[in-house]
Amino acid sequence: MQRIVNDPNRVVEDMLQGFFKAHRGLVEPVEANPRVVKYAKAPIAGKVGVVTGGGSGHKPAFVGYVGRNLCDAVAVGEVFSSPSAQVFFDAFKAADGGAGIACLYGNYAGDNMNVKMAKQLAALEGIEVKTVVANDDVASAPRDEPQKRRGVAGEVLMWKVGGAKAALGGSLDEVIAVAQKAINQTRSIGVGLTPCTIPAAGKPNFSIEPGTMEVGIGHHGEPGVLVSKLKTADEIAQLAMDHILPDLPFAAGDEVVALVSGLGATPVMELYIAFSKAYDLLKAAGIHVHRSYVGNYFTSLEMMGITFTLMKVDDELKRLIDLEAESTGLSQLAP
Amino acid sequence: MAATYPNAQGRPVVLALIETIEKNKAYLSEIDGKIGDGDHGINMAKGFGLVKDRLGDKEIPLSEGLGLIGKTLMTEIGGSMGPIYGTFFIQMSLKAKGKPETDAPIFGEMLQAARSGLEDLGGATVGDKTIMDTLIPAQEAYQAAVEKGAPLPTALKQMAEAAEQGKESTRDLVAKIGRASRLGERSRGVLDAGATSGALILQAFADVLSA
Amino acid sequence: MQRIVNDPNRVVEDMLQGFFKAHRGLVEPVEANPRVVKYAKAPIAGKVGVVTGGGSGHKPAFVGYVGRNLCDAVAVGEVFSSPSAQVFFDAFKAADGGAGIACLYGNYAGDNMNVKMAKQLAALEGIEVKTVVANDDVASAPRDEPQKRRGVAGEVLMWKVGGAKAALGGSLDEVIAVAQKAINQTRSIGVGLTPCTIPAAGKPNFSIEPGTMEVGIGHHGEPGVLVSKLKTADEIAQLAMDHILPDLPFAAGDEVVALVSGLGATPVMELYIAFSKAYDLLKAAGIHVHRSYVGNYFTSLEMMGITFTLMKVDDELKRLIDLEAESTGLSQLAP
Amino acid sequence: MAATYPNAQGRPVVLALIETIEKNKAYLSEIDGKIGDGDHGINMAKGFGLVKDRLGDKEIPLSEGLGLIGKTLMTEIGGSMGPIYGTFFIQMSLKAKGKPETDAPIFGEMLQAARSGLEDLGGATVGDKTIMDTLIPAQEAYQAAVEKGAPLPTALKQMAEAAEQGKESTRDLVAKIGRASRLGERSRGVLDAGATSGALILQAFADVLSA
């Protein structure tokens, strides 16, 4: 295992130490819980606290989206494992500015159960928590079973939108409503080319034959919907659009935000090659790309592969996406 | 073979549970890797490792020992297993509390409470390819034995056998809940990780409580 | 080769297509040359044009540093190969606002020769070009042969400083002087854990034995100064500081900007683990970290590994480093 | 074996150069990979591939054919080789210009001009482990032969042999210039990529001009 670690069972603790040291002024730890990362200025009195959380190994997700006009606090789990209820609860407290907490997270059994319990703990202390559960991965369940779909890279757009709405003074219900709208209008799919290795495990827990690729792979290596021979960048982009476009559906005249992320080890150069084709396909379909994000926004350790995400936007979503923001994973200046 | 187990002697029970998880850490992750994300053994071992640290070398009553495991898993390990095994052990602990001895009926209440707790939490039942495929038949076999008047060791033996069968039954199931449920047919043919750790834990209970 | 490409001999052209489509409004192509990427607002009349260039495969370098308060134009070469003199010359023209061109690039034979010829072409058209040649890699030559040292991740800090100075109205000589000061006070070293594959070659052109690591590796896989067994993150950070600190030297009381970059495939989590130790070592040495950058800032395709860079800063350099900036590789809001 | 080569027949020369580079693309990258960045063959093949496209099926005088190669490499391929071979071929082309026939002295001037151009550009000389270790002895052997009154084919034969020896000499050299120079002792024991492509090119000249 060619990896840069100390004790493979303590990579999350060690990573957080470095993260706090690197970004003083932007993020801070909280006394109550070493697994919570909070925005340095949080809690902001009167502002809805935006919180997310999930397993580690997805950098910049999740801690990379703590910052200005984004998330106020993040609950950090073990590699590929949901944070405990206690961590979510302590993240709620760290973000609580008195206007309620919008917990925007992804649809996984562990996260669902831990957030469910954390909400109860928060209720005991009179903190109101409402949730939006991202389920943008079209490959993870049929269209008529959205409650079974995973949350993947679309979560980044959900956080951007929800964080912006909260920053602009939105109420808890308004933040929840717009974040829900964002994820409802978002669809994603991933393609995996190599497996990844959890340091504590020491070897990959799944395999992808060289010369093949796994379409619909999950961010933890959950098997996809089909294994095919490795295709060209253009074919992969075509395949992704074929899955995503009919699902919402996206149609001529729509405006979208496009996000193409690497899964970790795929050179960013290749993301742009695939994006180029996706952009052409959208254009040909009469779909206008309002803004594009191309890079490593939601990864799976050192997995090779790519994810495609489209969010259909209206004026409200465009305004929120375009708002300036600062975090280690996503920074943009006012247009 | 004693017909009851003294509440005062919680330490051997906790140690037995820690040992079985540590022994099977790699195996459990390997199973989870086939249709999940390959961290079940890591999660469980991390939680029970913390229990070991917190227990240190002190003696502990059974009810508190189970409570210590439950609280530790619930607050520390996260994943699916934090809330699931947290609930499992906390519910058992509550039923054991204040009982000087654990006899056959009392352990039956403990199993029943654990089962209901998980049914409420995760909404899974037999056939969903989860830990419930181990726990539900094991609890029912135990209960049946007790109703036939079986002593604790006998009932525990029945429970362990049912747990083993329940675990094996997950091999032919298609996952309906949890991470693996996204795979449909592709989840068939491998054991479920939680069902497997559940069987290990129930077998450890059976061995140590009837020792 | 598990890679997402079309024609492996056209990855640079294909990547640029996607880059221009993705970042309309931030960057633009120029008519004269498809290998030039320019800031959408460039040329800016009266402002010194900041230009760099180099081989491809180093994302976000080089095109990722075109933007606001950074580079005005970049000359794009083949994978791991210097752009031609023509491309550099066309980049100069694209950035020329009438106040001269500061060409800030790295010390490689190919780049040196091509820039040398491009300068002559520019002179013919009356465009004044002055250069700073980055040579921050301490592993690439002894301390007394700085002219032989490679430019590596320290170039990012040179561009940040030079771009900021130009944006604040600095004259060509002032921009050159401060960029030269920046690189003079910067030291880097890299550690490689796996080789990388140029798509057109189809297989790695060098190898690193599993279980070992190459200390001092170059951004093109140039062999390092020593091969040792793979060490822990803490040991790697220690090793890096042992090479870097005495070279400038950095001393107690100094303030530095720290940049830790991955070489491509190493999970960002691991960069933070190593950064944490480097930070502690600096603190113990009485060196204060003014600002930290941790992430993939200068990569080598899908190589696994890490680079450490320190720049000793004074008030002027701090002010320039802290200036807001926007590009795909580096965006930061005003503090 | 002709004692002169008609300037009108540039096409076979250009095609011979393209062919030798295409044939050795992988080999040149492999050599460059040992102590460089492994792209020398790719760079050269890309440049000469463009020359092939631009040449198409038209006839071309030798002077213009060499100029086409020089301009194409200079503006298109970049790397170290763009300026180096760009200068090399442009200098040769300038000397061939306006001469109806290339005889032994004229080709000598062409080689001399190429050599001086590279000395100015890169500042490398014999012993630095670069293309100059091939070019300089080759040019000198050619010149010596011409001064002894050797006809073109004979002088070309001497040149080709010296080029081969010069290339081989780089094996035992420690690089003093270019990417590989950072390796010091570690650069010993492998051929230099540019010296190797240089020898291939000079051998191709020898073959086609004396055919």
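Letters A, B, C and D mark the chains as written, and numbering starts fresh at 1 in each.
Here is the rule we use: a residue touches a chain if its C-beta (ideal position, glycine included) is under 8 Å from a C-beta of that chain, and two chains touch if they have at least 3 such contacts.
Predicted model, so just to flag it, every value in this text is computed and none were measured.
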{"item": "Remotest chain, chain B as reference, centres from CA atoms", "value": "D"}
{"item": "Length of the line joining the C-alpha centres of chain C and chain D, rounded to whole Å", "value": "33"}
{"item": "Centre-of-Cα separation between chain C and chain B, whole angstrom", "value": "54"}
{"item": "Computed distance of Cα centres, chain D from chain B, in Å", "value": "76"}
{"item": "Multi-chain contact residues (two or more partners), chain B", "value": "none"}
{"item": "In chain C, residues with contacts to at least two other chains", "value": "none"}
{"item": "Chain-level touch network, classified as line, ring, star, complete or other", "value": "line"}
{"item": "Each pair of chains that touches, named by its two labels", "value": "A-B, A-C, C-D"}
{"item": "Contacting residues of chain A [partner chain C, same complex]", "value": "2-6, 11-12, 14-19, 21-23, 25, 56-57, 59-60, 68, 193-194, 208, 210, 213, 230, 232-234, 236, 258, 264-276, 279, 289, 292, 294-296, 299, 301-302, 304, 306, 324, 326, 328, 331-333, 335"}
{"item": "Complex contacts: residues of chain B adjacent to chain A", "value": "29-30, 32-39, 42-43, 46, 74-84, 121-122, 177-183, 186"}
{"item": "In the complex with chain D, residue positions of chain C that touch it", "value": "9, 55, 77-87, 108-110, 113-114, 116-117, 140-141, 148-150, 198, 200-201, 205-206, 218, 220-223"}
